[in-house]
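One structure coming up, written as structure tokens, with questions to follow.
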Amino acid sequence: MKLRISIAAAAVAAVTGALAPAGAAFAQAKEQFFPVLSYRTGAYAPNGVPFANGYVDYLKLINARDGGINGVKATWEECETGYATDRGVECYERLKGKGPTGATVVHTLSTGITFALTDKSFTDKIPIITAGYGRADSVDGQVFKWNFPLGGTYWGAADMLVQHIGKKEGGLDKLKGKKIALVYHDSPYGKEPIALLQERAKMHGYDLSLLPVTHPGVEQKATWLQIRQNRPDYVFLWGWGVMNSTAIKEAVAVGYPRDKMYGVWWAGAEPDVRPAGDGAKGYNALTFMAPAGIGKVHQDVIKFVHDKGQGTGPKNEVGEVLYNRGLVAAMMSVEGVKRAQTKYGKKPLKGEEVQWGLENLALDQKALAAIGFAGFADPISTSCVDHEGGSSARIHTWDGSKWVVGPDRYTADQQIIKPMIKASAAKYAQEKKIAVRDCAKELASSK
Amino acid sequence: MFYRENGQFKSSYREDQQILGIRQDRWFIFGLIAFAFLVVPFVASDYMFRAILIPFLIVSLAAIGLNLLVGYCGQISLGHAAFMAIGAYAAYNLVVRFPQLNFLLVLVLAGLIAAGVGILFGLPSLQIKGLYLGVATLAAQFFIDWVFARVKWFTNYSPSGSVSTAPIELFGYKFDSPVERYVLVLAVVIVFALMAKNLVRGHIGRSWMAMRDMDVAAEVIGIRPMYAKLSAFAVSAFYAGVAGALWGFVHLGSWEPAAFSINFSLNLLFMIIIGGMGSILGSFIGAAFIVLLPITLNQVLPPLGALVGMNFGTAMASHLEFMIFGALIIFFLIVEPLGIARLWAIGKEKLRLWPFPH
Amino acid sequence: MAAKKNGPVIALGAVLAAGLAAPLVTGSPLGFYLEVLIGGLMAGVLYSLVALGFVLIFKASGVFNFAQGAMVLFAALALARLAEWLPAWIGIPAGFPALTLAFVLAAGIMVGLAWVIERIVLRPLVAQDPVALLMATLGVTFFLDGFGQTIWGSDIYKIDLGISKDPTMILESMFQGGILVSKEDLIAAVIAAGLVILLALFFQKTATGRALRAVADDHQAAQSIGIPLNRIWVIVWAVAGFVALVAGMVWGAKLGVQFSLAQLALKALPVVILGGFTSIPGAIIGGLIIGVGEKMAEVFLGPPLVKMWDLAGGGIENWFAYVLALLFLMVRPEGLFGEKHIDRV
Amino acid sequence: MRQRKIGEVILDVRNISLSFGGVKALQGISFDVREHEVRAIIGPNGAGKSSMLNCINGVYHPQEGEIVFRGEVRRDMDTHHAAESGIGRTFQNLALFKGMSVLDNIMTGRNLRMKTGILAQALHLGPARAEELREREFVEHVIDFLEIQAYRKTPVGRLPYGLQKRVDLGRALAAQPQVLLLDEPMAGMNLEEKQDMCRFVLDINDEFGTTIVLIEHDMGVVMDISDRVVVLDYGKKIGDGTPDEVRNDPEVIKAYLGVSH
């Protein structure tokens, strides 16, 4: 009985809390609120945890080292999505009104959640950063005003992988007749690259076979038996979570050479290779923005956060691939706010104002070095038309104990991708009946 | 004292057959509906609408559908979310291919298409029962999931396999804001809940319950098992289909097949078992329980932990949420295996006599 | 009469056999065909192990234990984490000694768990509707999922049995390219077979085992010869917990121990349907049939289907097991080895 | 004394054989039932009495023989056809719909006559409502007849056994059958309840003219109320005739009293 009463009381508390106008009490506080959608449980926790730790650690660092973003303290709240779309939407709705100005910018950390939130962004006016994931067509800022796939999309990633193997074979024309198998997570995430790979297949004449793997991806026996039968020249791995390590293990079991396997940048972190042990040696993956390693920013994190006992996760994960990507993601949020502050002033900003900041990012090598990200992030320069801000990546290879970054840097071929983006974005605009922005006009009027 | 039916006499069978025979019940329900229509839209926040009320209402509708099948007709379904998927994708394709169709008509058509598929997957029920039938419905779940993930036509050749819906428009009026959407969903759900109630108190409902309670006896008094079971599958899938279309169009806006996964199906089953099998009211209670409990726990646990000096991260809170959720299911089953609706009924019976013990 | 009843069964068997033979006729190399077959059998062994747990509990207590998958995960997590922690705690050498001790401890934990489940969940619900009991096991599933991750963590953990993961080729002289087998798979099969033999001995030779069989046959009769039902339930849940531990070990060694292990348990449902809810041999043979069937279907039937209808990838193994079980049910509702049930009025 | 004269043969069972696996439940049973009569089937446990009723209304399908009902010859019955053509039935082990009220249980007896469609029902349209009221009126008549007015809204599971038996009878009666098969209607009742039940059976026979086939163990009751009796033993017919004839049949006496089985 007592239990029931307390539950009822709790429910009432939650409801009244939700009903009360959010943040009235903090109206004067100089705080910028960052919602953190994360997943620390479930099938994708091994990958979700280091990312979330990196993200939160960076916000802690900003407060501890710089006293906030130009004096505006960063606040945040985590919400567990479990990588499920409906929970993600609930989390977003819960957090979007918090803080004096509401949510600043949201990283969805899931393609499914990105799709769902994109629809809401037009009324909520909260920018969505999907650094290296999300929907590829959202590069088109004229349609997707609120989406920022900063630093890369899956179309770009697939494009770079094709370029890389083309180079290995001695020219893209040599790909004719080659067989490529795409082993992908059976979700919008895994399906995104297909369109581009098919486009490229038409150009270069390689043979593409599609092998979907069902969530959560622990059953891949049949997939790899097919690979054993067809002996593709290359396998692209578009997995997430436990699916990646399982894929590598199954590759070992059927004797498929690991050095012919290329993962997307979400299939190239320590949790993906470690469970496979020695078998993972020689496995390759894309790495964008943040490879593994320690740089200035990491030293700061250790000094200002971990050494003070404030670290979110274990200290030894600082510098791992996904942790670093969390850091970079948080950096993007913060830099967006900073940029926006130059226009709107050093005060807590609304999502709408941060959108301007994100759309006018100009982070060159020098600027990145100044904030400690030299070597851990690539330059980003966005505009109203281009919300991606540049897309480049390298290949790194697991040598059994660490990731070794290859020498070549690839850049997505915009000639192929641009028209696809245009077409897809236009279709979306038409389906959703969205008024397309006129960037030239906006630029003119702002001057 | 206050909840008594003394002096409320029925002078015709028609009066006796009313849904809410007792005046106090009638007032209560009318009051609740009036509150939902007239007060809630003005006081609730966006968060309440979008994250709690709208999903709760839609899921209730799906739970009613499942309850008609499982609770009233006794045919188990472990794959009801698949019928929701049918509704959602049917609605999507109708809207894409016939953009001028009225949204309400789309809902009904989506429901009918789901009903057709429901009949198809209900056919095994003529031969098998119980958990065995559960496998047939699981087959439906996985097969339908697969079809929508694989056959490109259903997603209108969307490269990512995810579909996005157009804004909802009815008679030239756009349902954009959360409040408008809430009112729309509320109206649909109330109408359909009322229809479900009408069905179960009529002869079709009785034939379902007869199949559930004693199928051989039902046959002997002339109820056709085929008609009773398949009509239950059809109606149930119809409800799921309508709910699925609403879930896709009103709640999510864009979705992929994973939005209607096996977990959704199991959750629906939890709802009706916890709420009460064979009770329309129970479907609502169960839906509220399953929708609200995780969210509430998730929000309440960290502050509660802080009170006792513990700092759980979201991971811990989420694990605790699983544990408490599981424990509560067991707790409710032990206290009242027939569901919360039954507790409610017992409570009402006690209230009738209150304050006199007999 | 008999022929009429068995007609559909024979027809389905014939279709399956034809499907099994079809790849060979259409020109798949025999070596590869055998590899798929072996792969399917290995997957089937794992399904069988989980299904075995279901059947044990269903046979003895009539409870359809949805939590079997969660128990597999929980046991595997306990094993993997204890093997990792023990060397640091008590200084025994890592590797095989630690693993052995961890196995013993994990078995103890599963027995304890069985006791707790019987006390807290089953006893208050005794004589309730089967649906209520099924739901209760779903509650247990949720609880174990959360509890397991709380105490053991939610990362991917390794169980290292010290077996090489590299494949070996056999019969290279007989087939072009040879047949690829992995040692790990063979050991898994041996462990599974050992477990089955152990269970058979337990049921045949020990007094407790015989008592369990008595309960399965007739609850009342068993009680009347003086076997306390409560203890029987604890024992059978403990045995199922032990089976879960073995399944978790084999699976964990192959795929790594992670939350998603629990999800595979759903596959046990078509397996027990196929084999019959109360038959131990049924669980094993059912598992093998499902394993072989779905791998064969995916590898040989998937690609042509994809070509024919221009599908976005194969993946038919997701539903194949269930559809197979459904077809089977339509022709033989009691399963391969199940008991026939006649309604009485 | 009786208002209706016993008429022509309405139900003729010819040479019925039924077996389950290897067990022969019925072997070449033949008997007939005349309109308006009360026909009893008796025999020791396991004689095949219930199986016989189950064959007549199509729950079981005999391997041999045929059933002639109102001139229509059938190889075997199906339950729905039996119900539709006017064969009603009560059950030995209560087969009431436990989750439903007394009223709803008896209302299911009228289901055969209720034709309005799903949509009309869901929207509670005029025809559906009128139909419901019309059938309700008939059911109230049955409820009055069986004197269970007070329990209308009670879930049947909560009623005492004797009353449940009455509801079972009411449900069968509501369908207005021509032939009513009663499977041990008085089993487990006390004397008073038995007397009530006897009265109901005779009244039904009399008032509605319903032909009655009943299985009963209580010889006193059987001899009192039935016009003719069939005796089964081990799946075979060993006697057939008026109560007096049967009572004096040596075969029957042997089966009942003689060599113990």
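Residue numbering begins at 1 within each chain, and the chains themselves are lettered A, B, C and D in the order written.
Everything that follows uses one rule, which is that a contact is a pair of C-beta atoms (placed from the backbone, for glycine too) under 8 Å apart; a residue touches a chain by one contact, two chains touch by 3 or more.
If you're wondering where the values come from, they're calculated on a predicted model, not measured in any experiment.
In summary, the chains found to touch both chain A and chain B are C.
Chain B has the C-alpha centroid lying closest to the overall centroid of all protein C-alpha atoms shown. The chain with its Cα centre farthest from the Cα centre of chain D is A. Each chain gets one centre point, the mean of its Cα atoms, and the points for chain A and chain D are 72 Å apart. In whole angstrom, the spacing between the mean C-alpha positions of chain C and chain D is 49. For the pair chain A and chain C, the distance between C-alpha centroids works out to 37 Å. Between chain B and chain D the centroid-to-centroid distance comes to 41 Å (mean Cα coordinates, whole Å). Taken residue by residue, chain A touches two or more other chains at 40-41, 45, 49, 186, 191, 194, 212, whereas all remaining positions touch fewer. Annotation for chain C: residues 149, 154, 312-313, 315, 318, 345 touch two or more other chains.
In chain B, the positions touching at least two other chains are 149, 161, 216-217, 315, 318-319, 322.
Of all residues in chain B, those touching chain C in their complex are 76, 124, 127-128, 131-132, 134-136, 138-139, 141-143, 145-146, 149-152, 161, 216-217, 262, 266, 270, 273, 277, 315-316, 318-323, 325-330, 333-334, 337. Interface of chain B with chain D (complex): residues 13-14, 17, 195-196, 198-199, 202-207, 209-210, 212-214, 216-224, 231, 235, 278. Here chain C touches chain A in the complex through residues 32, 35-36, 39-40, 42-43, 149, 154-158, 160, 165-167, 180, 182, 184-185, 254-256, 258-261, 263-264, 294-295, 298-299, 302-303, 306, 312-315, 317-318, going by the rule given at the top. Listed in rising order, the residues of chain A touching chain C in the complex are 40-43, 45-46, 49, 184, 186, 191, 194, 210-214, 216-219, 221-223, 225-226, 228-229, 241-242, 245-246, 249, 252-255, 271, 274-275, 277, 279. By the touch criterion given at the top, residues 3, 7, 10-11, 13-15, 17-19, 21-22, 38, 40-41, 45, 49, 78-80, 82, 85-86, 89-90, 93-94, 96-97, 111-112, 115-116, 118-120, 123, 135, 186-188, 191-192, 194-195, 212, 215, 424, 428, 431-433 of chain A touch chain B in their complex.
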